[in-house]
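Look for chain A in each of the two complexes below; its partner is chain B in the first and chain C in the second.
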Partner chain A sequence: MSLFLIAALPFLGAVFPALLIRAGRNACSSAAGAVTLLALVGVLLHAPEVFRGETVTARAPWLPQLGMNANFFMDGLGFFFATMILGIGLLIIIYARHYLSREDPMGNFYTYLLLFQGAMVGIVLSDNILLLVVFWELTSLSSFLLIGYWRHLPAGRQGARMALAVTGGGGLALIGGMLLLGHAAGSYDLTTILERKDQIQASPLYVPALILILLGCFTKSAQFPFHFWLPHAMAAPTPVSAYLHSATMVKAGLFLMARLWPVLSGTDIWFYIVASIGMITMVLGAVIALFKDDLKALLAFSTVSHLGLITLLLGLGTEEAAMAAVFHIMNHATFKAALFMTAGIVDHEAHTRDIKRLGGLRVLMPVTFVLATVASLSMAGIPPLNGFLSKELMLDAAAHTIWNGSEWLFPVLATVGALFSAAYSFRYVVHTFLGPVRDDYPHKPHDPGIGMWLSPAILVLLVVAIGLFPEALAGEIVRTVTDAVIGGHGHYHELKIWHGVNTALIMSGIATVGGLILLALHRPLDVAWLAAPRPEAKVIFDACIGALIRAARAVTDTLHDGALSRYAAIFTLFTVGLGVYAFSTGEIGEATRPMNRIEVLPLIVWFCLIGATACVVAFHRYRVIALVIMAIIGLVVTLGFNYFSAPDLALTQLSVEVVTIILLLLALNFMPKRTPIESSPGRRLRDAVLSIGAGVGVGLLLYAILTRDFAFPSISEYHLANSYKGGGGHNVVNVILVDFRGFDTFGEIIVLGIAAVVIFALTEAILRTSVRAKLLNRKPDWPVAGDSHPLMMVVVTRLMMPVALMVAAYIFFRGHNEPGGGFIAGLIAAIAIVMQYMASGFSWAAARQHFPYHGIIGSGVLVAAVTGMGAWLNDKPFLTSDYGYIHIPGLEKFEWATAALFDVGVFLAVVGAVLLALESLSRYAWRPNTDSPYPMDINPARDDPRGGRED
Partner chain B sequence: MAQIADYLTAVFLVIGGFFGVVGSFGLIKLGDSMSRLHAPTKATTLGVGGVLITSLLHSYAIEGYLSVHELMITLFLFLTAPITALFIAKAHIHRHREDYDLPETGDDTCWAVLEKEEVVAEPLSDSLEDMKPTE
Partner chain C sequence: MEILVATAVGLLTSAGIYLILRQRTFPVILGISLISYAVNIFLFASGRLVVGLPPILRDEAVAYTDPLPQALALTAIVISFGMTALIVMIALSAYLSDNDDRIDMDDVSDLQDNDA
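Showing the complex of A and B:
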């Protein structure tokens, strides 16, 4: 099966549970299971190649310019992890089917789970480090959904947020590290990078890249000091914990360290950072785990401890240690997933996970007892279980490690870690299952159905089998995977239980005996532990996040305090500052263009503009007057565009001007007609200085630009030359909009549509609050006209509507070759309809408008998108346009470009957006009892000319 | 023939220009809004009309084709000018309704231009005050 398909299957399959939940819980879980099984089979089919030492690849360019490609490869390491992710995923899916209760939305659960699984499979199969980062972020996001699955629980939400903040923050560091690494290696392809060890380690970027990548790995794998998120993520349903914290999420960090082991390891800095952090995490996690009363918290800290163990092994940088790490990844996944599931069973049956309320379950839940015991003995490192084998290898590796000249530090710490590890493992069994049967369980426990214990049973079988026959079952795969980790062929010892009496065995013995002693002393130790002051991670984390939020808020509130004048002042000041900086550091060339002669007519119009601007300043407290003067400025600008041969701009400006004025008038309807004086003289002086400075600066800049030739060749020549040849239109402006920069336009119409929908949404939201009552009780500050909808206006707008629409059509169709186009046509059509609203009132017009504006916006975007996709049928990139000529008898031959169809999309989006915005604003003014069945207030042709308004 | 056309265009151009000046002058000269409303009517009808006729004649007799843009412009002017005048007058009466002694309508309803009878429910509170920004 192609690697593309394997990586895509979970994502594609994620749709099925969400849909099939309607067909029942079994259908839902079977779909999820089937998808996972299919992907697993796909991976396993590649087993022969992988065991021969070959790599399976699948490559496709994605963004080759950025070095980002959808390249996948599977060697031993990828195969091992993919099998683990999908295999344990399958067991989790079976288990979760029986674990989740009827109230839990199971469709969501499996969808999230498959998304997460897909992201994990993507990480382990990526052959491109940028692609890997993408999947990495996807795991952070999907794990957020999984951890916060029980969204009614505050702990779940907080845990999910914490996990997202920590792993997402680490992801940011990882992106930086990966970019540096790719830069140092000269390639973003993993296979290439893995061959360039010397080049990378000689690069000055090696240390920053290493630290950033390790930050990503340590946050993901919950290494000290980022270990705190993992226990809080235990608020998730147990299947999630079992999946995320045994086989997948936290192993992603380990995977990445193993993946990059050939290029990053082998240096002192790698050893001292990775091995030390691993050691600290292992010991710390083990010690805390012993004193946790919550079964899942105990397991969470034990996971932290074991992850530290594996990190330690990877940090040592030797082949044997790498092999031990691989072996322990496998063993940990088996026993830890089983343990989480048994903890879930206990919780499910006894309705508590508090060890202090449990005990004696051995009699009540024999099956669970056996499974949990075997798994935890493996975790404790008791022969002949698989945990013993890898722990032995770890102790052996630690025993031969010299840390900063000290021969005894690592062996002793490793023994202490193993000792506490044994202690909490024993405690898990002894305090939960052994002891007398109690009569105060929250719920009378008994063994669950086979559905729930089948999955842990399979894993426990593996635990025992690997422990008994390590070489036969796991030897081959561990060696293949280790070869992939170290990027060569290593010489390894056989995996076997009995190595003779050596240092490791003695350390192991000390650990086991010490563990039993610790367990016996647990009660006094526990009291001492609880009495001792210790930092609470969540409090520190919350304080840090709180401080961050306060800092961010302080900055934001200073810059954006809601006063428009302040934003404008900051923005203007900044821009002026940039201009001054550019002017004082750059240099300005000689003027190369002569001034145009000043004509009389433009001069007069220019004086109008200056006069109008001055009037706005003088009269800005009278809002309606200011609006009228602004309209004059708009018209002058339009004339200016036209005078300087920009008819397209002039047309657009004119129609935008009309729409803007109407919008502002609508808004003014709700505001006092005069602005009070709000700012102090000092502030007004500041504003005056700022605005005059900015205005003069912009004027000088424009003057400088216009009197000089472009410093670089401008793109206009290209557009002029290719407009007809490439885009099939003579109107370069329109061809740029719909063809050369069609993708921009596509984005813009979407933004326009979103803006309109947001205005609508805000209106809806505001009108549901008490504002509505205020609006309804509003007393107009000016007498209302007797005939708001006068006969003359109504009749004329009716007459004008078809004319205006015809003009819109005309402007639209000629747009490709002459000034015009979909945008302007859309505005004109919108104005034609707005006229009806204005003439006959909102309610009357709205009652006769049968197409919802949302739909018009949506259809516009869809039409544009479908037109763009049409290019794919011709194997051209999105939005490539084509054109041809059409002959219709009776008409001249005319040209028809696909760009025109795209323009239809623009047209519809503009019409919908403008009208939706205007309609939303009009809704504020709506009042009861003002709806009239008549288009005009007074119609002399009616029997009752005033239309029965009196009631 | 061309000579006649030349003379005709010249005459209409002068007429148009003259009434344009008259209209603009009146706009400045006349005292109040109601009187001032009359001035632009000269400019829009006779003034612009003269120029349009000139344009028609010019294109037909001298350029040699019939242009219909001018008819469209006339149509739009005839449509928009009355509406503008109506709204200006309405607004003016509204603002100065105390100054005018409007005759009785001969009906029990008041003048259409003035405010309609109260159809809005009694206000519960003076909400405009509440809606002002608090800054």
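Showing the complex of A and C:
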């Protein structure tokens, strides 16, 4: 099976549980199990190649420019982890089916679980470190969903947030580390990186990369001082804990350390950081675990301790230690998953997991007792179980380690860790299952059905079998995996139980006996422990997060206080500052362009503009006056465009001016006509200084541009040269719009359409609220004209309508060769129709308007799109235009370009958008019972001009 | 002529920014319209100012003005109408709903209430 498929299967399969939950809980869990089984079979099919020492690969370039490729590979290590993730995943899926109650949304559970599983498989199979980081982040996110699965429990939500904050923060560090590593190695492909040990370790980036990567690994694998999130994640349902904390999530950090072992390890800094942190974590976790009364908390800290053990082994940097690490990863996954599941069974049956309320379950739950005992003894390191074997290897490795010149420090600490480990393992069995049967369990416990104990039973079988026949069952795979970890062929001892009486055995014996003694002394020790002051990680974490949130809120509240005009002022100041900086530090060339001579007429028009602009500011409190003066500015701008050889712009500006002023007048109808004086003189002075500064800057910049030639050759020459040859039009501006840059124009008509539809939607929403009643009861603040639809105006506008539409058509058709085109024609047509609204009233016009304006906008966009797609028929890219000559008898021959069809789309979109905006606005003014049944309000042929009587 | 255009654009920008810094919606809308004029002219003028050479291909013409900024400014003018219409509607709706056309929110609690 291709690695692509293996990595994708859990993600694809995640859909099924969510859908199949409607078909029942069995269908849901079976689907999840089937997907996992399929992926597992896919992995196992590659076993022969992997055991031959070959690497299975699947590669696809994704963003090769960034070194980011969807490359997957599977060697011994990847195979081992993928098998473990999918195999234990399968057991968890079976177990969870029986563990979850009817109230729990099972579809969600399996979907999250499969997403998480997919992310984990992705991590262990990635051959590209950036891809690996992507999957790494996905595990943080999906584990967040899993840990917070019981979202009604505050502890669950807090635990999930804490896990996300810690592992997500570590993930950020990891991204940085991976980027540095890839930079140092010159490649982001793992297989390449793994061959460049010397280059990487010689690089100055080695230490920062190492520290950042280790931060990622330590947070994920709950190493001291980041160990605190793991126990809080125990608020998750037990199947989640069993999965995340035995075989997957927390092993991701170990996996990455093992994966990068060949290039990162072997240096002093690696040894001192990794081995020391591992040792601290191992001892600390074991000590705390002994004093936890919650079964899952005990197991959580024991997990922390065992993760520390494996980290320690990886940190030692020798081949034997690496092999011990691999072996312990396997053994820990088997006994710890089984232990979590037995803890879940106890919780499920007795309704408590508080050790102090348990005891005597041996009689009531014999099956669970056997499973838990065997797994616990393996955790304690009692022969002949698999935990014993890997613990011996660890003790042996520690016994030969010299730490900073001290020969005894590591052996002693390792023995202490093993001792506490034995003690809490014994306690798990003794205090839960042994002792007298009690009569005060919250719920009468008994063994559950086979569905719940089958999964731990399979694992316990492995625990015993590997313990008894290590070489036959695990020897081959452990050596293959270790070869992959160290990136070569190592020389290892055989795995066997009896090595003779050696240092490790003596240390092991001390640990076991010491563990029993500690257990016997547990009660007084527990009292002393509880009385002793110790830092509570959650309190510290909450305080840190609280301080962060307060700081963030303080900054946000100060900057973001809701005063929009303040933001605008800050923005202006900042922009002007940037401009000043650019002006003062940059260089400016000589003024090379000859000036145009100042003529009299333009000078007069310029004075008009200056005067009008000054008046708008001076009279802006008198809104109607300001609006009228605005129209003057628009007119001057139009004249300016016309003067400076831009007839198309002049036409556009003129028609836009008309609709804009109508729009603003309509809006002003409902708004106050005056603006009160509110800002203080000081504030007005500040605004004046700011705005004058900005204006001077813009003016200077424009003057500097206008007096200089282009710094680089312009692309305009190309447009001028090809407008006729390629686009078939003489009006270059129009050809650019509908042809050269047709895609821009296409986007712009869509934007315009969206704006109009938003206006429509806003009107709909507003008119459904109490605003409607307010509008109907509104008293006009100005006297209303006596005749709302004057006869003269009605007659004239109706006569004008066909003429105006004719002009629009003329402007449209000549647009390709003369000034004009779809934009301008659309505006003119819209004005022709708006005139009818204004003269004859909304009701009259609306009654005669048969096509909704949204439809017109949509059809415009559609016409433009279809025209563009027409090019595909000729195997040309979207919006390639074509043109030819058409002969119609009786007319001269003329050219017709497909771009004209595109221009029809522009025309329709503009008409629709302008009218939809104005129509929406005029609906505010509509009142019921003002509709006249007659086409004209005044008709001398009728007796009563107001239509009070029928004809 | 260049100095006239540059001063006009500078003045339009100044007036526009001053009005945008006012506290009521209507002056702000006027200010945005003024800024739109300024920006459109700026964009257009970046093709340099030429008198009497429209970009319409003619056999007898010797030179043309730069057509590209014109095409860009043309769509910008139409789009700025769409934008003006939208903010006018937003301002009007806000005024009609709350009987208030101030643009500054009084205090942060308004914001937080909306967030919640």
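Following the convention adopted for this analysis, the second predicted complex is superposed on the first by the 606 of 951 C-alpha atoms of A that agree within 3 Å, B and C clash if a C-alpha of one lies under 4 Å from a C-alpha of the other, contacts with A are read in each partner's own complex, and residues count from 1 in each chain.
Just so it is clear, contacts are C-beta pairs under 8 Å (C-beta built on N, C-alpha and C of every residue); 3 or more make two chains touch, one makes a residue touch a chain.
Everything numeric here is computed off the predicted structure, so don't read it as measured data.
> Could you look at A:Asn502 and tell me whether it touches chain B, chain C, both or neither (first, second, both, neither)?
neither
> Could you look at A:Met800 and tell me whether it touches chain B, chain C, both or neither (first, second, both, neither)?
In the superposition, A:Met800 contacts chain B only.
> Have a look at where A:Met792 lands relative to chain B and chain C in the superposition and call it first, second, both or neither.
Only chain B; A:Met792 stays clear of chain C.
> Report for A:Lys774: first if it touches chain B alone, second if chain C alone, otherwise both or neither.
The answer is both, since A:Lys774 touches chain B and chain C.
> On the superposed three-chain arrangement, identify whether chain B or chain C touches more chain A residues.
Counting residues of chain A touched by each partner, the higher count goes to C.
> Name the contact category of A:Glu678: first (chain B only), second (chain C only), both, or neither.
Touch status of A:Glu678: both partners.
> What is the contact status of A:His730 with respect to chain B (first) and chain C (second): first, second, both, or neither?
After superposition on chain A, A:His730 lies in contact with chain C alone.
> Contacts for A:Asn404 in the overlay, against chain B (first) and chain C (second): which applies, first, second, both or neither?
neither
> Check the residue A:Gly634 against both partner chains and state whether it touches chain B (first), chain C (second), both, or neither.
second
> Quick check on the superposed pair: does A:Phe670 touch chain B, chain C, both, or neither? Answer first, second, both or neither.
After superposition on chain A, A:Phe670 lies in contact with both partners, chain B and chain C.
> Mind sorting out which residues of chain A both chain B and chain C touch, each in its own complex?
Touching chain B in the first complex and chain C in the second, residues 563, 670, 672, 678, 774-775 of chain A appear in both lists.
> Could you list, by residue number, the parts of chain C that touch chain A in their complex?
1-27, 29-30, 33-34, 37-38, 40-42, 44-58, 64-68, 70-71, 73-75, 77-86, 88-93, 95-97, 101, 103-108, 110-111
> Of all residues in chain A, which touch chain B in the complex?
563, 670, 672, 678, 773-775, 777-779, 781-787, 790, 792-793, 796, 799-800, 927-930, 937-938, 946, 949-950
> Under the stated contact criterion, what part of chain A meets chain C in this complex?
On the chain A side, the touching residues are 557, 560-566, 568-569, 572, 593, 595-599, 602-603, 606, 609-610, 613-614, 616-617, 620, 623, 626-627, 630, 633-634, 637, 640-641, 643-649, 652-653, 656, 659-660, 663-664, 667-668, 670-672, 675-676, 678-679, 687-688, 690-692, 694-700, 702-703, 705-707, 709-710, 714-716, 719-720, 723-724, 730-733, 736-737, 741, 744-745, 748, 751-752, 755-756, 758-759, 762-763, 765-766, 769, 771, 774-775, 817-819, 823, 827, 910, 913-914, 917-918, 920-921, 924.
> What residues of chain B sit close enough to touch chain A in their complex?
By the definition above, chain B touches chain A via 79-80, 82-83, 86-87, 90, 94, 97, 109-117, 119-121, 123-128, 130-132, 135.
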